Amino acid sequence: MPDVALFGAGRIGRIHAGNIAVQPGLRLRYVVDVNTAAAGELAAAFAASAVDVERALADPEVAAVVIAASTSMHAELITRAARAGKAIFCEKPVAADLDAARACAAVAAEAGVACMIGFQRRFDPTFAALKRRLDAGEIGAPEVVVLTSRDPAPPPLDYLKQSGGVFKDMLIHDFDVCRWLLADEIVEIYATGACLSPDAAQAHDLDTAAVTLRSRRGRLCVINTSRHAAYGYDQRIEVLGAGGMLQAGNHRPTEVISSRAAMVSGDPPEPFFLERYRRAYALEMIHFADLLGARAQPVPGLVDGIKALELAEFATRSWREGRALNCLI
Amino acid sequence: MPDVALFGAGRIGRIHAGNIAVQPGLRLRYVVDVNTAAAGELAAAFAASAVDVERALADPEVAAVVIAASTSMHAELITRAARAGKAIFCEKPVAADLDAARACAAVAAEAGVACMIGFQRRFDPTFAALKRRLDAGEIGAPEVVVLTSRDPAPPPLDYLKQSGGVFKDMLIHDFDVCRWLLADEIVEIYATGACLSPDAAQAHDLDTAAVTLRSRRGRLCVINTSRHAAYGYDQRIEVLGAGGMLQAGNHRPTEVISSRAAMVSGDPPEPFFLERYRRAYALEMIHFADLLGARAQPVPGLVDGIKALELAEFATRSWREGRALNCLI
Amino acid sequence: MPDVALFGAGRIGRIHAGNIAVQPGLRLRYVVDVNTAAAGELAAAFAASAVDVERALADPEVAAVVIAASTSMHAELITRAARAGKAIFCEKPVAADLDAARACAAVAAEAGVACMIGFQRRFDPTFAALKRRLDAGEIGAPEVVVLTSRDPAPPPLDYLKQSGGVFKDMLIHDFDVCRWLLADEIVEIYATGACLSPDAAQAHDLDTAAVTLRSRRGRLCVINTSRHAAYGYDQRIEVLGAGGMLQAGNHRPTEVISSRAAMVSGDPPEPFFLERYRRAYALEMIHFADLLGARAQPVPGLVDGIKALELAEFATRSWREGRALNCLI
Amino acid sequence: MPDVALFGAGRIGRIHAGNIAVQPGLRLRYVVDVNTAAAGELAAAFAASAVDVERALADPEVAAVVIAASTSMHAELITRAARAGKAIFCEKPVAADLDAARACAAVAAEAGVACMIGFQRRFDPTFAALKRRLDAGEIGAPEVVVLTSRDPAPPPLDYLKQSGGVFKDMLIHDFDVCRWLLADEIVEIYATGACLSPDAAQAHDLDTAAVTLRSRRGRLCVINTSRHAAYGYDQRIEVLGAGGMLQAGNHRPTEVISSRAAMVSGDPPEPFFLERYRRAYALEMIHFADLLGARAQPVPGLVDGIKALELAEFATRSWREGRALNCLI
C-alpha cells in the first residue's frame, strides 16, 4: 500500500486527507505545512506524522505526494517531488505563472513521474455523465458549450489582491472544462466583464465576466461568471450538439418542494464547492490511486494544467486590451 | 351552420357562449336564463337573443342546446330538448339524483338524440395526451391510478348545503377520469374523509376525502381530495403501468423561475378551473360541433354521466356506513 | 370601432388577421397582398375586402394599418401609411437597411402617427412576467443577461440568401430583448460564430453565433444562437441580478412526464414561433388596439426597431472584422 | 470508544459494518453469522473478529450490538443482548410476529437498555428536511399524507413465501413514516390490492396495494405500493397541510438533462434502497452512536417498531376480510 505525503493542511488539504484515508489503495503517512500546528492536528486525526518537506520526500516508502499548499508553492513542490521520483497530485493551478508551470513540467517529464492536476470538476458525477454521453454520440458533434460558473460570495479583499485575477482564479476550471468537453484546442478568445463591487475595483479585477472561445474545428464556448450569485454556487454545463442538447444542472441538498399560496419552491443549489464537489474530490483521489498502480500518465495532467493557465492569461489580456485574441501564438 | 340555444347565463355559461361564438361550425342563437337581465346581457355580447325555454326549443333552426343551468334543471332540460329532437351538451352532473338521470337518459335514447356530458377534463391537452399515450401502450397495462384533485378554496356555505356533498360535487369528475383511464368498470369502492372546516361540518359534508376503487380487472385507483389547497388548484394524474409511469402535472401561468438566497421558486398552479381548463372547455365544444356533423353518439355521453353519479352515490354511502361497498349491485 | 387594413396575407398576416378579428376594439376591413388570390382568400375568411394599397389607405374609416408584408416593402408602406395619417403596426425589421428605417421614421415623426414594431417577445406571458418582476426589484439590479435563441431548423437556402444574415434575421429579436431587459443602451459588441451547414456557407452566413454586449452601466448580455436545435424552438432568458436570478423557461405542449426503465422524460419545447408566441401575438394586437384609443406613442416603437437594427449591423461587422466594436459611433 | 458486535454479514450487514467503521464514536469488534465464511470475510475487511453469539455478548468491552440477521432471529437476539446489558440497534421488523416483538420489548424494558429500530427513512436527508419543515409549521397542520412506495422489481419467490406478506415486508416502513409524519396514532385502516404477477399469487400475497389510514385527529394517509415499478425505486412523500403542501421527490444519480427531437429526459430515480438510502444508513448509525453517549431512549425505538408491525397486521386482516378495521381494539 503506497504511502502518501500531503502538502498543505488547509481546507482543501483536509478534504484530500479524508479521501486518502478511506481509499484502500493509499495510506496517509505525512502531513507538511508551514503552519506546523495545523499540520500536527491534521496528521493526528489520521494517524500520520507532521514533518517537513525534506523528511517527507526522503522517505522511500512515500510513493506519492498530494500538493494542496498555497499556489506560490506549487511549482517548487512539483519540482522537488518529481526529482525525488514521487507520483504527484497537484491542485490547480500548476503554478502562479506560465513560465514556472512550464519549467516544472519539464522537470516532471525528465523525471518520468506521473503528475495529475486537481481539476475535480471532471470527476463530478453529473459532469462526467454528461461527458460520457457526449462522447457516446448522444447529441452528435458538439457545436456550442455554455458554461455558467458563479460563486456564492466573493473572497476577502486580501485574497482577491493576490489571486491572479478572476480568469486565473475562477475561470481556469471553466477553461479546462471547455477543452475537456470539446476535445479540441482553442484558437480565439474574447473576454470582457464588469467590476460591480468595491473590492474587485480595489484589486483591479473583474467580478463579472463573459468569455467567448472558438475552437480549431469551429465550435463555440461561452462562459459567464460572477463572484456573487445570491442564491448559491451555480455550476452548470450546457452542450448543444448537432442532434440535441445535454445539460448538467446544479445539485441540491434535498429534493423537498414546498407549495404555498405565492409560489412553488425547492432548494437552492449546494452552497459552495466543498459541498457541490464533495463526491468529485473523492473520485479524483480514487482515480489518482488507480493511476499509481497502472503507472499511466494521468488525465488531467500537467499539459491540461498549462493549457488552462494559458487560456486564463489570454483572457486577461483580451479583457485588458479590449479585443479578441488569436491563441495560436 | 347549426344554431345553438344556451341555457344558463352564469359563469360557465359565458365560457360556453364564447367558445360557441368562435367555433366556425356553430352559431349562438338564443340565451335562456331565469335571470333575464343576465340572459339579455350575454345574448347582446354575442348577437344572440334572450328568450324563454319554449321559444328556444320551438325554433326549428336550433339544432343543438348547451345546458349550463343549475343542476336542479338539468334533467328537465335534457328531457324537453330530447323530445324537441335537439342534440344536447349538458354540464355534469346529468341530474341531481340517479333516478332523474336514468329517466332522462331513457327519453334521450327513445328520441335518438345525441347527448354529450361536459366532463371537460377528458379534453384537457395534458390529460388527453396522457390517455393517448396510455392507450398506445407506452407503459403497458395500467395497474394503479392516483388522482389528486384539490380546490383552492371551498365554496360558500349556501352552495355547500345544496351541493349534494363532496363526492357528487367535486369527485364526480374524478370518478369519470378513473373510468376513462382504466377503460374498466369499478367493482369495489371505499371512501373516507375528514371534516376540517366549520362550513363543511355545518353542511354535514366532508372537505377532505380519500377514495379507493378497484376495477373488474383488478386495477386500483386512489383519489385524494381537499376543498382548500392553499397553493391553488391541484389537478394531477399518475398512472403506474406494467412498464412504467405516466404523470400529468399542473399547468402554470408562466415558466418563470426565481432563485434567491433561500429558495428556487416557480409559479403555483393555475388558480382555478376556469384557468386550468380554459383550453379543455374550448376543445369539448369543438368536439360537440364535430359530433353534430357526424351524428355519432358522443363520448362522454349520458352513460358516462350516470356511471359517475353512481360512483358518487356509492362513495357517499361507503363513507357514511364506514365500510367498503360492492358496486355490482 | 376603428377599421384596420392588413398588408400581407402570408403566414404571419393570417395570425394578425385572426387576432384583429377577435379583438373587440378593431375591425378587419381590408387585406392587401400582391398575391391577390391569397389576399382574397384571407379577406373572405374574415368578411373583409381584398383591395390594393391606394384603396386601403384612401378610406378615411381606416384608422390603422398592420404591415406584415415582405421586409423589402416595410419602409415604403410605413411611409405611405404615415402620410395618410394612419396608426401603424409593422412587423420587424423596420426596413431592410438602416437608412431606409431612419428615413421612414422621420416621415412618421413628422406625420405624428403612432408606429408600433412587432417585437412580440415582449408580450409573451413568461417573458413579460420576468420583466415585471425584474423591474419590481425582485433580484436587484440586473448584472448579466443570458439569452438562448435557437430555431428548430434552418429556412430554405433561397430565404437564407436574402435574409440579411443571421444577425438581422434572427438575433434582431434578441437585441431588442436585451435592450428591453437592461433598460440601457449598448456600448460595445462582439460577435463570432460558426457555419456548420452547407446552406449557411452558400449564403455566406453563420448558422451558429455567440454575441457579447456591454451596456453603458456595465451590464453584460451574452446571446447564443443556432439555426438548428434538434429538440425544438429554444427560447430562454436568464437574468442574474445583485440579489438573485430570474429565468424564463420554454413552454411545452403538455405537462405529461413519462418514467420508464431508462429515463424520465417530458415534452420538448413548443415546436416553433407560431406555437411558442401564439399568446404573444394576440397580446401585442390587444396592446395596439389599446394604443389607438389612448393615442400614446407605442412601445416598442420605431426607435426600438431602429436600435435593434443598428445592433444587428454592428454584430455583422464585428463578426466580419473579427473584433469587438464600440457602438457609440 | 465503545466496541460493537454486528449480527448478520449479509447485504445490509455490510452497509452497517462500513458505517460503523467510519464512525469516530464506534469500533467494529465482532461479526457474527451462521455463515461463518461470510462473517470471517466481513470481519477481515474491517479488522474485526468473527465469533459466535455467546462470545460476542460475553465481552464486557462490547457496549452495543447491531442486529442485521434474518428476521426470524431478531427477537431472540434482542432478548439476549438486552439481558447482557448491551445497547441495541435492530433492523426492522422487531420480530416476525407481534407476540414475539412484545415479549422482547418487555425484556429490553426490564433490562433498561436502549433499543433503536432501523427505520432508516426517518434519516434520509430529503424526508428529514420535510419532517423538520412540517414540524416548524411551514404548511400548518398536516391534513393528508400521500406515500408512494414502489420497489423496482419483486424479490425471488422463495423470499416472497417467507416474507410475511407485502404489508409486513414492504409497507411496514410506510406505516412508520405515516406515524412519524402525523405524530398521531391510527384509528382506522383499510387495505386492498391486486395480485398481478404469478409469483405473488403463488405466495398468496399481493404485489400492488393501496392503504388508507385515518388518525385520531382526523388526518388521512394514503399509501400506494407496487413490487415492480419499471422505472426504478420510487419513494415519495406528499403532505397537504392547512397552509400548503410539502413534497419529497426521488433522488437521481445525476442531474443531466437530455433534449432530443422527441423528448426532454432526465435520470430515473436511484435504482434501489441501497443507493437511495445510502446516506440515511450512515446517518442512522451516527444517531445510534450519539445515543450511546447520551444514554437516551432512542427514536425510532421498540414502541415504533411494534406500532408499525401492528399496522401491518391490521392491513393484512383488512385486505383478507375486505373491510375497514378499527385499530383501537
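A, B, C and D label the chains in the order they appear, each numbered from 1.
Please note the rule applied: contacts are C-beta pairs under 8 Å (C-beta built on N, C-alpha and C of every residue); 3 or more make two chains touch, one makes a residue touch a chain.
Remember, it's a predicted structure, so these values are computed and weren't measured experimentally.
The chain with its Cα centroid farthest from the Cα centroid of chain B is A. As a whole-number value, the distance joining the C-alpha centres of chain A and chain D reads 40 Å. With centres taken as mean Cα positions, chain D sits 58 Å from chain C. Touching two or more other chains at once are residues 139, 230-231, 234, 243-245, 258-261 of chain B. Chain contact topology: the protein chains form a complete graph, every chain touching every other one. Against chain A, in their complex, chain D makes its touches with residues 22, 125-126, 129-130, 133, 138-139, 243-251, 253-261. Residue ranges of chain D in contact with chain B, taken from their complex: 139-140, 143-144, 146, 148, 150, 188, 190, 192-196, 208-210, 212, 214, 218-220, 222, 224, 226, 228-231, 234, 240-245, 322-324.
On the chain B side of its complex with chain A, the touching residues are 230-232, 234, 258-268.
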